[in-house]
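Below are two complexes that have chain A in common, paired first with chain B and then with chain C.
Let's look at the complex of A and B:
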């Protein structure tokens, strides 16, 4: 069952005379009980998408089109006032940087009460603390954390506190924007286990996890969407995407991943030559064409359609050809 | 120690230690480290945040004084060199750090940033400065004429880190210390910078100390891996052995926590 469906999302940042086209007709679905991973490199639009999807767009972002269907309602993303009631309760954001997300001068319990009071103005302090303590316990944090200030907690504990606060109002969809990027691998592992548990315990119904780390997603996500230059270029079940990426950018990205798997040393990887396109200039064709070894003439000036095959899709003019070659070979 | 060992090692530390604070606030950031860097090899120093790996790097660079122990470079004791002797040492040992943006003059052209390296060169060779800059930029795959005229914000992250490598290479150092030098780069760009480090090792015989938290990068680039935990080197050996047959419990848990691309079924 589809929990949330994002369609036709286009948005740009207006800076002086320039328009920076951060998102260009993006669509993704999040299934109930699943984690959708969104992966891409700097400037691909993944954090902008997280801000729109979590109903927290920045003040300089102009959403020109897009709808989010969630919980039986269609939200018009171009009208920020209309989606205010859903923020925090239906959709919540788990932000990047656990320390910066907490108020250094307030105790955890006080911050939790503020959050709960947004949804229920008459909630008592005692009730807030009771519910928060229960959530902290689910994340293996002792009740004393309620009285602690952020600086009194370790990095891993802060990350769990931020997670507890973000999910306090039992949002149906949690949007996690690079929550693990500043953590070391051991804390990262804990966070990944925690997010999986939030879904399996039904505390949240679905998660969109945004990251630059595709190896992490291969362990965390049910499905993976690959973004490049403001577009989703491929989306597939995680294991299929990792085993056999189709879009040339997805292939190049996967081929650049360095993991310590014994016996793989000594091969030389090539990376991706060139740089991502300038998003101030509208791109009529495929944004990856200038760096793509498979590009043909029409890639430069005609937008490749989204080709759906089974439970995966990608947007490449040559994907049918690649698919055929793969089946023959 | 045999004569052969002496010939093959470029740098060696003996019981190197750095203690910050005192009394109950004492932190033993580097706690008795014996590390050997073989000539012409890339050694990765792997550790999590707070393991002491960057402090060790700074001790080797003579950016701070150790609390105890010795650093031997090419057989010479450089533990406490200062003044002119330290500047001589910096001709042979150069470094590239994590944030290439922080290392630039923000408002000046790349040429001005590279020119600072010339001050470490013997006066006789400074004349050839511009030529040296050009050679170094070419070596890292950048166009010299175009790049020298650019300002830092006009360069991509990968290009900025290449310029920093070029700056280090101008002095033709024998040891390059790269402290999280590729951590802020995108995966597809990171590979090209790591390849460049591998080429410098293979073609110029440069010795590389690659300080990182990322075992994947360490395994790709390094001949040897030293794993650091709480100020100590808990295990070191050939890269394939550390990843394939880790002996220390900490190395095993670290490897278990690193996300893998191919889940074993």
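Let's look at the complex of A and C:
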């Protein structure tokens, strides 16, 4: 069952006279009970997508088109003012850099009460604290955390407190924007287990996990979407994507990192030649064409179609041609 | 317990600072060139007395004021009397009691400044925090007008107000603490009269204070607005009012210092305000005392300022801990 469906999302940052086209007709679906991983290099638009998906676009971002179907409603993403009631309750954000996400002069319990009071103006403080204590307990935090200020908690505890607060109102969808990038390996492990448990216990129905860490995603995610230059170029079940990426960029990205699997030891790493394109000018064709070893003429000026085969899809002219040939034959 | 010990050790430092300032307070006015008795006699006898009479009057005054003793024994007398709460007699308005003179002037100064400082601090900081959070046109408007209020020379602002609201549009009297013919007493008529005289100097101080605080808070809050915790709070759809409250509390620490300094120097009187509006406060008193080398009055006023500054700073030290839990923790040695 599809929990949330993002369609036709295009957005740009207006910087003086320039427009920086951060997202170009992005579409992803999140299935109920699943974790969707979004991966890509810096500047590919994954954090921008996270901000739009969590209904928190930054002040300089202009969303020109896009809808998010969630919880039986279609949210018009071009109108940020209409989002406010859905924030925190329907869609919640697990932010980048959780260590500084807590207000240093507010006790955890008081902050939790502020958050719960957004959804229910008449909730009493005692009721807030009771519900928060229960949630903290589920994340193996003692109730004394309610009385603590952020500086009195360890880094790992703060990470869990932020997670507890983000899921406090039982959001349908949790958007995790690189929550693991500032953590050491063992804290990452804990976070990954925690997110899995949130989904399996039904505290949140689905998670979008954004990262540049392919190895982490291959363990955590059910499906993976690969982004490049503001577009989703390939989306597939995690295992299939890691085992057999189709889009040349996805293949190049996976070839440039080590995914722990049989045969990793003997592999040589290869990089991707060239640099990502300048997003200030709209790209008519495939954004990866200049760096792609398999590019043909039309890659440069015609946008490759999104080709859905079974439970995976990718946007590449070569895949489209193979498919055509297979159908004709 | 450690908190109490911490406060006690702070008190020790404040006592040392007080002792040093007390000594300076005595010696600094005496380093002024000239002699108060010369000024006094020059005014009193206007030259038509024989030099012999002059000499005798001079010696009487010198003995009466204790100026014939050496500096050291004068200092000991000063310390002894001060600790008993006796500030002596004024030189220039002999034989008025200094304590009474200050007692007469102080209520005017406090009534003028305390509301202006407190209200100005609150409004200025709120406006600054809101401007930083809202950004855009409101922010630019607040920033520019605050800059104008603080950067324009104060007397220009005061004179503009005076011209606009007392001369061109005579809503308020042009100066003084009360109308001619009236005199201070507890009646409704006098109260209305005093408030109408009070309003313009109050307004001028309030505007300047709002401007200064708004600029300070805005530049603090600009950093807070981009902090991760603000983004996180926004992601829950928290009301703007709530988020501005978060920013306000995190950005107000340096502003509290500003408030303490303002309250501390407040009792010294707003010299320019009191002069422009001929207001009967401590500022005017101190100004006259300095012109006449009236040592006891100067000393008493500066001592008053000194005590209030120290007390205000001490309170701020304690208050810091209440506002920022991290400071409290560091003081307790947690961390």
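Everything below uses one rule, namely that the second predicted complex is superposed on the first by the 309 of 329 C-alpha atoms of A that agree within 3 Å, B and C clash if a C-alpha of one lies under 4 Å from a C-alpha of the other, contacts with A are read in each partner's own complex, and residues count from 1 in each chain.
Throughout what follows, a residue touches a chain if its C-beta (ideal position, glycine included) is under 8 Å from a C-beta of that chain, and two chains touch if they have at least 3 such contacts.
This one's a predicted model, so the numbers in the text were calculated from it and none came from an experiment.
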Inquiry  = Under the stated touch criterion, which partner chain does A:272 make contact with: chain B (first), chain C (second), both, or neither?
reply    = first
Ask   = Taking the superposition as given, does A:151 touch the first partner, chain B, the second, chain C, both, or neither?
value = second
Query = Is A:48 in contact with chain B, with chain C, with both, or with neither (first, second, both, neither)?
reply = neither
Request  = Quick one: classify A:262 as touching chain B (first), chain C (second), both or neither.
outcome  = first
Key: First, second, both or neither for A:106, with chain B first and chain C second   = second
Inquiry  = Looking at A:319 after the superposition, I want to know if it touches chain B, chain C, both of them or none. Which is it: first, second, both, neither?
reply    = neither
Inquiry  = If we overlay the two complexes on their shared chain A, which of chain B and chain C does A:162 touch? Say first, second, both or neither.
reply    = second
Inquiry  = For A:128, using the defined touch cut-off, is the partner it touches chain B, chain C, both, or neither? Pick first, second, both or neither.
reply    = neither
Ask   = What part of chain B is in contact with chain A in the complex they form?
value = 48-49, 156-158, 186-192, 194-195, 198, 213-220, 239-240, 243-244, 253-255, 257-263
Ask   = Within the complex, which stretch of chain A touches chain B?
value = 41-42, 184-186, 188-189, 192, 212-216, 218-219, 239, 242, 252-254, 256-265, 268-273, 275
Ask   = For the complex, which residues does chain A have touching chain C?
value = 54, 56, 59, 84-89, 92-93, 95-97, 100-106, 114-115, 118, 149, 151-152, 162, 165-166, 169
Key: chain A contact footprint on chain C (complex, rising order)   = 135, 227-229, 231-239, 242, 246, 249-250, 323-326, 329, 334-335
